[in-house]
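Shared chain: subunit A. Partners: subunit B in the first complex, subunit C in the second.
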Partner chain A sequence: MRREGSAFNGLGVVMLKELADHLTSIRFVVLELVVMALAVVTVYVAAQDIKNTVAEDPFLFLKFFTTSSGSLPSFLFWLSLFVPVVSIGLAFDSINGEHNRRTLSRILSQPIYRDALLFGKFLGALLTMAVALVVLWLLVIGLGLLFIGIPPGGDEIARAFVFLLVTIVYSGVWLALALLFSILFRSAATAALATLGLWLFFFVIWPVLAGEIAQIVVPPDPRYMALGLQTPGTAVLEQVLARLSPSTLFGEVVVALLDPTTRALGPIYLSQLQGAVLGAPLPLGASVLIAWPQIVGLLATTILLFVIGYVVFQRQEVRA
Partner chain B sequence: MRYGFVAALAALAVVIAPAAKSQDAPKDVKGLFLMTDYPAVTVRPGETTTISLRLQNYDMPPERMDLSVSGAPPQWNAKLLGGGQPVDAAMAATNSSVSLSLRLDVPKDAPIGTQKFTVNAAGSSTKLELPVAVTLAKDLPAKLTLTPQLPELRGTSKSSFEYQLSIKNDSGKKETVSLAAQAPRNFDVSFTEQYGSQELNAVPIDAGQSKDVKLKVTPPNTAAAGQYKVQARVSAEDTSATADLGLDITGQPKLDLSGREGLVSTRATAGKETTVPIVITNTGTAPAEDIELSGSAPSGWKVTFNPQTVDRIAPNANKEVQALITPTDKAIAGDYITSIRAAARGESASSDFRVTVTTSTLMGMYGVGIIGVALLVMVGAVARFGRR
Partner chain C sequence: MSADTVIEAEGLTKTYGSKVAVDHISFTVGRGEIFGLLGPNGAGKTTTILMLLGLTDISAGEVNVLGFDPAREPLSVKRRVGYLPDEVGFYEQLSAADNLRYTARLIGFTSMDREKRIAEALNRVGLGEFADNRVGTFSRGMRQRLGLAEILMKGAQIAILDEPTSGLDPHATSELLGIIRRFKSEGVSVLLSSHLLERVQSVCDRVALFSGGHIALMGSVSELGRTVLGAGYVVDIEAEGAGLADRLALIPGVSRVEQTGIGKVRLHAERDVRSEAAAEVVASHGRLKYLGVQEPSLEAIYTHYFESKPDETLKEGARHAA
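Showing the complex of A and B:
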């Protein structure tokens, strides 16, 4: 039987309801409070550090994101830790939770399609993350203004804004993954554990493992080792493998965006640096172009993970 | 007759004067004497000359002697000086002497010939007279000579010209000779020792000796080609000598290279040729010929010029050429330095250009394509599985 009407009828309603649920849930409030507290502390410490040590810098404001002080890691590190955790926390029980509460068939008995339900759940979670990240972003910039008293330049604001967009895209990857697992596993605990495990694997284990695999597949050349250099083949393979991890991709994008002097991500031959004026900042467009493959990778991963989840969900038996 | 007597006495005093100095007064000479070593001198008109006199007392009680000069032309301004100031009387103690000097300003237009006059000293009991003869002559043997060894030098406006000068002191005494040189405006002159770098203003030269000094003339860089004259001048207290020296400055091209309107930065895309206008200016004093252009860029880059060589640039003229810079395909984004050099014979100029390389946006297009494919997959999935 062919059904009529738009597949996305009722999308807005689902999305707004999801947003409202997330923003009022205790889980989200707790996670957000922790992130905000960390933001204040790290930015305050970074401000002290910048005041004391950093010399004149045309991109002083971007240092708020990247400066780490002593034992306290930079704001960026906390962000790369909490964006996946909060995203997973928001989405790990979005479908199986409905199942377990036996509300799924009740929702689907309303005049909305499953398409609208899944898209709405994803977009609602993404919107929640976007709201939280925008608040955090404004908080960092506001605190920076307060502590240092130097207004950021236009290029700095533009870079920080692109960084914000990329962070939202990055949270989309983990939202899509958590959504997929919440469709695949009926138990919310299993889905949470699987998603968090995968994140930990990509965040902690994979970068080390990529290096080891690369060394096994392309053994390092002793002539390069004697010079204290990495063998080009090994380095390239290690990077290709490491880039399978979304956290590596995000880290590379952030380096290109927040450090304007970055000229390339990945190994550079010395011949490519001959005659280069080191330390000269790149225009924002060039920086985005350097990080563009990584940004595309994050976006495409999000879409593909979501599509897999969508196909699985559409073919699933939802009556229980 | 009295003149003759006193002159004879004076002559006698001259003969015995060294003896009188070295020993005590001789026992058989007694009296007051007015003496000079050289009672007849030759001077040039226009000079000031000083004749030293002495009032000597042998075994006589001290006596006040009034001094005067008679017979001198009033324009000569004859003046007796004692202890540095004009005096009218002198008094010599027993067995001692008083030094006096007679200063004469000989006017320039004084007639050539011998002028005689008398110096008188009159006391209550003694009257002394000393006749003095001053001969005026136009040509006297020079007291200082200045001889350049190589009086004409040739070079460019960047070279320094060094003249060896020997100064000879033919006056009968040790002189401190001051050194000076007159050069065209903005030329730098300095005297140094012959072997050494110490700059000098004056050198002491013993009687009859000569000394070599070096005169260094540095023309300003902007000096036009041509002949220049420098006059070296040495002078002691009453004499001087000059030497005329010549400088022949040959012209020199000087190149200057920059971008159009002074812009030395440009943008380029990796692997794509970009054109940079370059202006070569000749700021020198001679035309520059056969100017070759070359560029040194990072490896893999290509720098060519259109045209590759410039035949001739006249002084104070400029020519524009196009530099075609192609960054290598593998260039990563950022700023690079490329030096561009123009070389004429023996003269070159270079300038560093900053090339901002941007990478091709083709990769960005691929990325958009990949996202498009992903979205198409999603749309396809919705179309295939949607509306359940």
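Showing the complex of A and C:
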């Protein structure tokens, strides 16, 4: 049965309302300010480090994202907390919030499809994250310029820009997950806790668990252990398992992008190193290619989560 | 569907798993008519409304709203029909006008058109001076009126109101009913649901009494009164004049005359005998102070029909509706 009219009727209206709501919401502004403060501190500390040590590194600017100093984690670390937490904070009450405010049936009685509401909410939140991340990105680049006084090269800017795009994609994963949970759980608190719990699981527990499971399934070979090496079979399984986590995927992409000398992600085989000058930086295209499966994985996860949410939402009763 | 019918439902059914929420109901609503869906909690009123709007799937049967099928052409239906949900909600942090602006954008009104419509609608429901106040500060009655303003702004041909008066005090209720009457005077058809019988009785042209997913009775309140209560008309007269009660008893159709006070009599008749009664008073050189006919109370009809013999009526209702 063909539906009448366009599924995108009202999409832009919903998206802009969500964007305006988020950008003016206290919880978002506070979190953004906190991360901006952290950016200033970490970039300043990183600048001191960079000045002292690696003054002739051709990829100086990328170090601002990754350098950690003493007890102060890198900006990248803060970002890996900020992106999931804020994404979840933006989307955990998307649909159940409309239910609980009893606005859902009134909005859906306007000439729009549910598609427009759901997609508009997702895009509105994604756009909000994009704005937040662009601001942070500009801040880091600007501060870097201010602190060391050397302008970044074109390749550095290009890498940092691709990194920005990937970060936005990564936030899409958590937005889609939070949106899905806001459809599944009628209580916003339950949805928030479930999403945050899942994120913590992937961020903290899963990397450890992946190693443990791999060791049980493929017990380490004593011959490798005697040499102080990881058994290849165990290592491969551990990596496969770890990559089920979006945080791992994101981490791997970031390594490939921000460290141009990265030749492969995960265990390196001799064949991959043949003819390579160790330590020589790769061109950006090659780095992206290395991380391509991970990038696609992040995109596919986002789409999958959104589609599941879409299907559930279409069948859901509108009444509270 | 005739030109004067705006909603037509035929064998409309909704099942949730094995539970039948709405069971083969059929009804029509005419242009400019106020039609009431009345019945106790869980009778299926809201479910029926959601099916009319295409907001929930129809399990069986046919619906036609303004010539469109809500399941296949939901946008055409929703563009022309305004809906005030049960316990309507708004975005609390936004002003009344901003809430309507969002809806107006969703409908697709241009910005000039939008502002004019919003100001007009808010004024008509008496919220003009609160346009820029946050809805969070609004009382229940103001929220309901804002919901009606949304329907006015939309320029809907049909207004579907689910429990519009629930939770309102008597003053707010009569204000709201006043607005609903104005809908009718502008040619807007109204379909409203309620379990508060006596409040809505005064505005409805016709009602459908729901029970357990069936329409048990349908018609105007006075028709239902006669079929269910069998009482016919009750005419109250206050007049001075000698031997008036005896003369009134002779009017054809009057079955009983009751003296209800000094100079006050009540006639029980099988038809409306007001004009004959007035003529009698005048003929006996009396002075007529009051003459009125009592509408049968929906409450009484309802109680009589359902609560005296609940089991039979349910089955009977099923047969009527089928």
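Please note the rule applied: the second predicted complex is superposed on the first by the 309 of 320 C-alpha atoms of A that agree within 3 Å, B and C clash if a C-alpha of one lies under 4 Å from a C-alpha of the other, contacts with A are read in each partner's own complex, and residues count from 1 in each chain.
As a convention for this text, a contact is a pair of C-beta atoms (placed from the backbone, for glycine too) under 8 Å apart; a residue touches a chain by one contact, two chains touch by 3 or more.
As the structure is a computational prediction, the values presented were derived from the model and not from experiment.
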Following superposition onto subunit A, is the placement of subunit B relative to subunit C best described as a clash or a fit? fit
Touching partner for A:303 - first (subunit B), second (subunit C), both, neither: first
Touching partner for A:165 - first (subunit B), second (subunit C), both, neither: neither
Under the stated touch criterion, which partner chain does A:138 make contact with: subunit B (first), subunit C (second), both, or neither? neither
Output check: A:280 vs subunit B and subunit C. Expected answer is one of first, second, both, neither. What do you get? first
Going by the touch definition up top, name the partner, subunit B or subunit C, that contacts more of subunit A. B
Who does A:5 touch here: subunit B (first), subunit C (second), both, or neither? both
Considering only touches as defined above, state whether A:115 meets subunit B (first), subunit C (second), both or neither. first
With the two complexes superposed on chain A, say which partner A:29 touches: subunit B (first), subunit C (second), both, or neither. neither
Considering only the touch criterion stated at the top, classify A:37 as touching first (subunit B), second (subunit C), both, or neither. neither
Once superposed, subunit B sits from subunit C at a minimum Cα distance (Å) of 7
Shared subunit A surface residues [contacts with subunit B and with subunit C]: 3, 5, 113
Which part of subunit A faces subunit B closely enough to touch in the complex? 3, 5, 7, 113-115, 263-264, 268-269, 271-272, 274-277, 280, 282-283, 285-286, 289-290, 292-293, 295-296, 299-300, 303-304, 306-307, 310-311, 314-315
Mind pulling up the subunit B residues that touch subunit A in the complex? 297-301, 330-338, 354, 358-359, 361, 363-364, 367-368, 370-371, 373-375, 377-378, 381-382, 385-388
Can you tell me which positions in subunit C touch subunit A when the two form their complex? 46, 50, 53, 55-56, 72-76, 78-79, 81-92, 102-103, 105-108, 147, 150
Using the touch rule from the top, collect the residues of subunit A that touch subunit C in their complex. 1, 3-5, 9-10, 13-14, 17, 101-103, 105-113, 317-320
